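Shared chain: chain A. Partners: chain B in the first complex, chain C in the second.
Take a look at the complex of A and B:
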């Protein structure tokens, strides 16, 4: 029961933020970032303190029947909450300096906290109704955050595109939820699992429709093939800490939705859904990778790489669909974690670059590493981890994924995964080479020093990445808590 | 002490990291610190000399996920990798001292030596690994520093060359990752080399054929077997000379070592089938002759040596392709001998670049009078590459050829004859090199040439003396290599 206090903590901090912003001098508004960071940090410790891994799930009823809304805290919740909060903490810390010249920071930090509450709530939701409420809470905050610098054209345009596509996705999701309610008469996870188990095969018309709607609805948020088109606009347009959150964890909310609510159906019949996931995964990885090769804007490059990595995560889900549930999900989750760290670090490092020289063009970054070693090393480490270079967590999670694909008998998928991860090395290396091997350009020479909180946020993520890279058992164990919870639900 | 190898590796990496801040104060004397770090690790490494015979291993649990993945972190030595590890440390120690003078006028020496020591750590770790995933770790850990070292401190089109080097190796690594994943899949998620030996016979035959193709191509990129050699002449020629010494002298041989350690025992029956061994030996011959012929027509000293490395790699690969115990012993000894001699010759080329700034042989000549010591050392090196008696490489080439004959089929006899003829090619390009650089008329602009600083001479002298020592008394190494190979032969059922 006590675990649910996380939402209470985050809620009270978020509620207090606008009040504080109203009371304090506008000069000190930027320090609200520390307040937000504190909220996430306390929440992380709170989760650590009160949750026993592999304990049976605990429940909290919010509204009784007929609305019947309740929260649950199990391994999946624990895993995602942890990932979300770690990234939220470093992004808030990073924002303190990064956003210091912006206006309306009270709104910014309130929205950031609301988005985080939405995400943590998603992980805690026990039924689709609660899930949808938090889903929309998270989505609406993220629309505004993307378009936060509304005096510029790019964020507004990207935000608009994001609202339209994501809105359609939410509607389709809601449509799917209505079918679930119509068929089962309830929206709770246990009910869905019980219903799915009662189906002898997935060849029935309605479950196929439900899963399709879910895959599209969640897919637009997760941005896999062919629903990704909003992502390469929205993620680069947002302020860098928000990009880190969007690419690092918000798209993972789609994965969370699939694992929670579509998986019960996917698991019953490996002949329909799993091949579909394989196709989606292969197309997502390959097409996004090829487009990424052509990018000249560093944030767009990273955005496309996020899409590629969603494709990687789907390998694990597909493997689970083929019956390798435990290892498939564990590897998918470990890639969720390692990609969140890697992409978060990459966007925060790019935030450091933007802070010091305000350009996103890769060509102008030549020699950046000579002048700002820490930021450049952080970016290089993040990219190498995303590319799957040992000894970084990306290597391990990709390795887990490849093994689980082999375990599921999907040789072709494993091959495509290896091929794509090496293709990714190409464009990452191109970027790293420009940062370190060239003489600094005049833009770099004129760049200014990077602020302390930005460096601190980078150092924290580097530390976590090195720890997980050198001691991958930890990465797997955390991810395995999530997989274990799904196994428990399957019975 | 029970974890002396782990300690060695930690020492190298800790030293590598510490050099970066300390190097800022030492400026161009940083190299001595790097040499000290490598020297101490060499002493640590030598301290387990008496345990080599008993297959000294250290194992640490790393990842253990029942039924899915089991990776140990361990270091082990037998005669085979002890010799390779030893030569890595000796050559890099010598090249570090050499760097002090050679790199004196370069920029950012703190970063250079920091990466240098970490590069050594990567190579040593790869050679001592007892688990293929751990091997892959160090495999990449030696790629990244060397890539930066070439890209920042190299010559000519260094960035393009470094990128090409990285790309080639990384493409090879795809094949390695696929092969390793397959191996682990058949071993039930276990990746330790020992457990792979156990399950080798359970892998379906077709997969084992596939494994040979994938791994020979994957490691072949690093070894620069001929159709995959594209990166080597440029990378070795444009790298800063101490790094060329390491690249040619020890790094490319690690690919060969991995073939011997990982692939050969697992795929032995397929490896020795008529068709496969024919293809492999032909590849080796192709490398020998192509490298040798290209070396003959080079004007650039370092490019000549780079092509000569391709040719020499052909000999080592020939020994592995012949797949007999004696040939294998020869290959491993050749790793040592070639490491010393090719390192020595690259250092000579470095002396030319450092002292007179010329590496084009058309503008060189007659230097024997002006640089007697360098010339003598160059002749020793040239004798080594040509495989003349008295130097380690003679013994090793002799072993490779007699091992090839031991395989005793008519076809193989012809290959061995061709391989022996190949040494004539080595002798020709080496003689030509000596003649064009050190003999003949002395051009006007070389009047002021003289032998370099003793700091550069000493490491060269060390390498030359070691080469001669092993050549005269090869048992100091063979006594360790032979039991190692015999143990392997026991596994293979020779």
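Take a look at the complex of A and C:
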């Protein structure tokens, strides 16, 4: 019961933010970033303090029975809340220096906190009604944050594209929810699982409709194969800490939705949906990797790499769809964690680069590592983790994923995953080589010193990555808590 | 389940909802003007909301189920927020690019 206080803490901090911004001098507005970071830090400790892993899920009713909106706290919530809050904390810390020359910072930090509340609420939602409310809250804040620097051309155009595509996605999701309501008569997770368990393989056309609408609705947010077109524009256009949040955790909200609400329907008949997930995963990884090889803009390259990693996560979900639920979901969740850390660190390091020299072209970054060793090492570590280098968490999660694909009997999927890992190493190593082995360009020579909070945020993420990389049992245990909760619901 | 006759109002509304959603999607995909695209979003949202009420009618023909009605009202509010943000952004797009034609707002590669 006590763990629901996280929402209360984040909510009260978020509502105090505009008040404080109104009261204090505009000169000190940028320090509101510490306020946001403090809220996320307290929430992390709160979750750690009150949640016992493997405890039965606890419930909190928001509205009583006939309307029935409630929250639950189980392993999936624990896992996703932890990932979301860690990345939110470092991004807020990073923003303090990165956004210091922008105006309207009160609005920025309020929206950032509202987006985090939306994300944490998504993980806590017990029924699709509550889920949808938090989903829209998170989505609408992220639209404004992408277009936050509206005096520039790129964020406005990218934000417009994002809002239209994502709006269609939300509406198709709501259409799917309406059919769930029509078929089951309720929107609670237990009711959905009970219905899916009672269903034999006959009369499947309504579940097919629901799963298709869910896969499109969540897919536009998660940006896999046919629906990714907004992502390579929106993620580079946003300010770097917001890119880190979008690439690290907002696209994972789509995965969370699929695992929570589409998986019971997917498990009804593994011969229909699991092959579709395999096809989506293979196409996402391969096509995005090939496009990523051609990029000249560093943030665009990282955005395509996010799409590739969503394809990797879908391997685990597809394996779960084939019946290897426990191991498939554990591996998918561990990749969610390691990709959130890796991509968060990569975008925050690129934020450090932008802070010191204000260019995103890879050619102008040559020799950056000789002038700013810490930022360059952070970027290199993030890229090596994403590539799957052994002492880093990216290696372990990719290892788990490939094993789960083999456990589900999908040799082709495992082969494509290995092939794409190798393909991705090409552009990661090329980037690292440009940063460290070339002579510094004149742009790098003119770059100025990187601020302390940016370095601190990078160091925190490096520390967590090294811890999880050296001690992978921790990564697997946290991810396994999530998979265990799904198994409990399946009964 | 309810006896579904040809004149059941719920069933008629379900088909209306499908038609509205398809019209909305068609508008979003084909129209070039940003305002028309946003109107397409709104038509789609209306269709989805009608679908909720229609399925509630099919499920509970006599009694009124509050879940679907509450969700519909909240979804209308959330749509209002979405369209508010979208129109605000459209205003900025018009000031910047002096056009609302999506073919000419193309500094980024699609």
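We adopt the following convention: the second predicted complex is superposed on the first by the 489 of 491 C-alpha atoms of A that agree within 3 Å, B and C clash if a C-alpha of one lies under 4 Å from a C-alpha of the other, contacts with A are read in each partner's own complex, and residues count from 1 in each chain.
Everything below uses one rule, namely that a contact is a pair of C-beta atoms (placed from the backbone, for glycine too) under 8 Å apart; a residue touches a chain by one contact, two chains touch by 3 or more.
Since this is a predicted model, take the numbers as computed values, not measurements.
By the touch criterion defined above, A:352 reaches neither chain B nor chain C. In the superposed model, A:207 lies in contact with neither chain B nor chain C. Once the two complexes are overlaid on the shared chain, A:241 sits clear of chain B and of chain C alike.
In the superposition on chain A, contact of A:433 is made with chain B only, not with chain C.
Within the superposed three-chain model, A:118 lies out of touch with both chain B and chain C [touch as defined at top]. Here chain A touches chain B in the complex through residues 326-327, 330, 384, 389-391, 396, 399-400, 402-404, 406-407, 414-415, 418-419, 422, 425-426, 429-430, 433, 436-438, 471-473, 476, 480, going by the rule given at the top. By the touch criterion stated above, chain A contacts chain C in their complex at residues 63, 66-68, 129, 132-133, 136, 139-140, 143-144, 147, 150, 153-154, 156-161, 163-164, 167-168, 170-171, 174-175, 177-179, 181-182, 185-187, 229, 233, 237.
Put simply, chain C touches chain A in their complex at residues 21, 24-25, 28, 34, 37-38, 41, 44-45, 47-48, 51-52, 55-56, 58-59, 65-68, 70-71, 74-75, 78, 81-82, 85-86, 89-90, 92-93, 96-97, 105-108, 110.
Across the complex, chain A is touched by residues 62-65, 67-69, 133, 136-137, 140-141, 144, 148, 151-152, 158-159, 162-163, 166-167, 170-171, 173-174, 177-178, 181-182, 184-185, 189 of chain B.
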